[in-house]
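Have a look at the structure that comes next, please.
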Amino acid sequence: MTKLVYFAWVRERIGKPEEELEIPPNVVTVRDLLNHLKTLGEEYENALQYPEVIRVALNQEHVEHSEAIAGAREIGLFPPMTGG
Amino acid sequence: MTKLVYFAWVRERIGKPEEELEIPPNVVTVRDLLNHLKTLGEEYENALQYPEVIRVALNQEHVEHSEAIAGAREIGLFPPMTGG
Amino acid sequence: MPEAVISTIRVQTEDFELQAEVAALTAGRHDIGAVVSFSGLCRDEQGALSALELEHYPGMAEAEMRRIGGIAVERFSLLGLTAIHRYGKILPGENIVLVIAAAPHRQAAFDGANFVMDFLKTSAPFWKKEHAVDGTEGGWVSAKDADGEAQDKWR
Amino acid sequence: MPEAVISTIRVQTEDFELQAEVAALTAGRHDIGAVVSFSGLCRDEQGALSALELEHYPGMAEAEMRRIGGIAVERFSLLGLTAIHRYGKILPGENIVLVIAAAPHRQAAFDGANFVMDFLKTSAPFWKKEHAVDGTEGGWVSAKDADGEAQDKWR
């Protein structure tokens, strides 16, 4: 099981701040994960409609969509940052 | 009579912070004034040995050495600024 | 020569005290010649905005601020760095973020604070939601292209 | 739209309060999104310096600071500007100068404060004399070529 955490409008659209998910073995990269999540229901499809804008952190570190997710205990999905 | 005011090492070398001077009519520009002052004694010669480094203000505004001094009530002579 | 230190990294709901944070950086030191502080405040957008709601990724926000700060300390040879970011509801006129950079000379302090702000904007996991004065949620603030471009000056 | 204002120009012997000066600039305003402060402090030059003695041209110092501030307010569309310069004897670790620039957005505030410092260094009539720890006068500080060159970035 892997912990997924969501923020800002990704969190609002998916409808929960976090969850534990079993990730299938054919899901290798961040990009694979985003495509996989979109199959889990309308709320995911809505949140991840434009996957290229979604920012992803593995174990609280920014990664590219090409990165492998193997070994990640916590995966964060969120929109581009707007702090500061 | 024109008021001359001196600062920093210009003041120290001339030996006074200010004085009133009668400026001869053939002294037209700032450059003329610096050359004239050098004739007034050793302390002026010492202070104004390298006239090109001396900064000059007419009525408390920076001017170039080519500027005419006509009409100045107060002329300030000082080294390059080192505040901030 | 005292060590270059990231003195303070904090994510908090409460406001910060500029003077106290500067004093914490400079107290007892005689090698600091320049301190630059940046305070980011909530604007009311010509009266349209009643509040900002700041969300963050706990843990990662601090880690990312510390990472950016470490790069700035090294790159600009800073003698001290403070970065504090608030979260929760913030009203117009209130502080959102504080960055302070201390250095021997002025340009390093200016560059250090400016660099940290540019990267904090696009890399630290914070998100702003607007609340309009008419009671509606104005929605999530969109990331600005200008913020990404602002980083280009550091390449 | 409130007027752009140079809120404060002061030349004084006593120290200043950073927090109070920032508050004076921002109090009651909801259009300021960024405040950048620069504090210049006296360094001890690896323990060699016991104090700086700051001399100034009374009247002209304030006028020149106001002139430089006015250019910065216009050029960077600042919403407020503070410039305070101390004179007299200043010990290592003490403040020498404070510049604060307020603007809607961050880069204008950074640039405004940076610009004012660059021009204040070379145009405001202040002079520093060093006092060495061994009791001797270290002499007048020489103007740095780097300070003239720092202005070139604003051309």
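Letters A, B, C and D mark the chains in the order given here, with residues in each chain numbered from 1 onward.
The working rule: a contact is a pair of C-beta atoms (placed from the backbone, for glycine too) under 8 Å apart; a residue touches a chain by one contact, two chains touch by 3 or more.
For each chain, UniProt lists the protein as follows: A, B = Molybdopterin converting factor subunit 1; C, D = Molybdopterin synthase catalytic subunit.
In this text the structure is predicted, and so the values were computed from the model without any measurement.
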item	value
Furthest chain, CA centroid comparison against chain D	A
Interchain centroid distance [CA atoms averaged], chain A/chain D, Å	48
Separation of mean Cα positions, chain D and chain B [Å, integer]	26
Two or more partner chains touched - positions in chain A	84
In chain D, residues with contacts to at least two other chains	40, 106, 117
All touching chain pairs, where touch follows the definition stated at the start	A-C, B-D, C-D
Interfacial residue positions of chain B with respect to chain D in the complex	5, 7-9, 57, 60-62, 76, 78-84
In the complex with chain C, residue positions of chain D that touch it	17-19, 22, 26, 28-44, 46-47, 92-93, 104, 106-107, 109-110, 113-114, 117, 150
Chain C residues touching chain A - in the complex, by the definition given at the top	40, 54-57, 59-60, 63-64, 85, 96-97, 117, 120-129, 140-143, 147
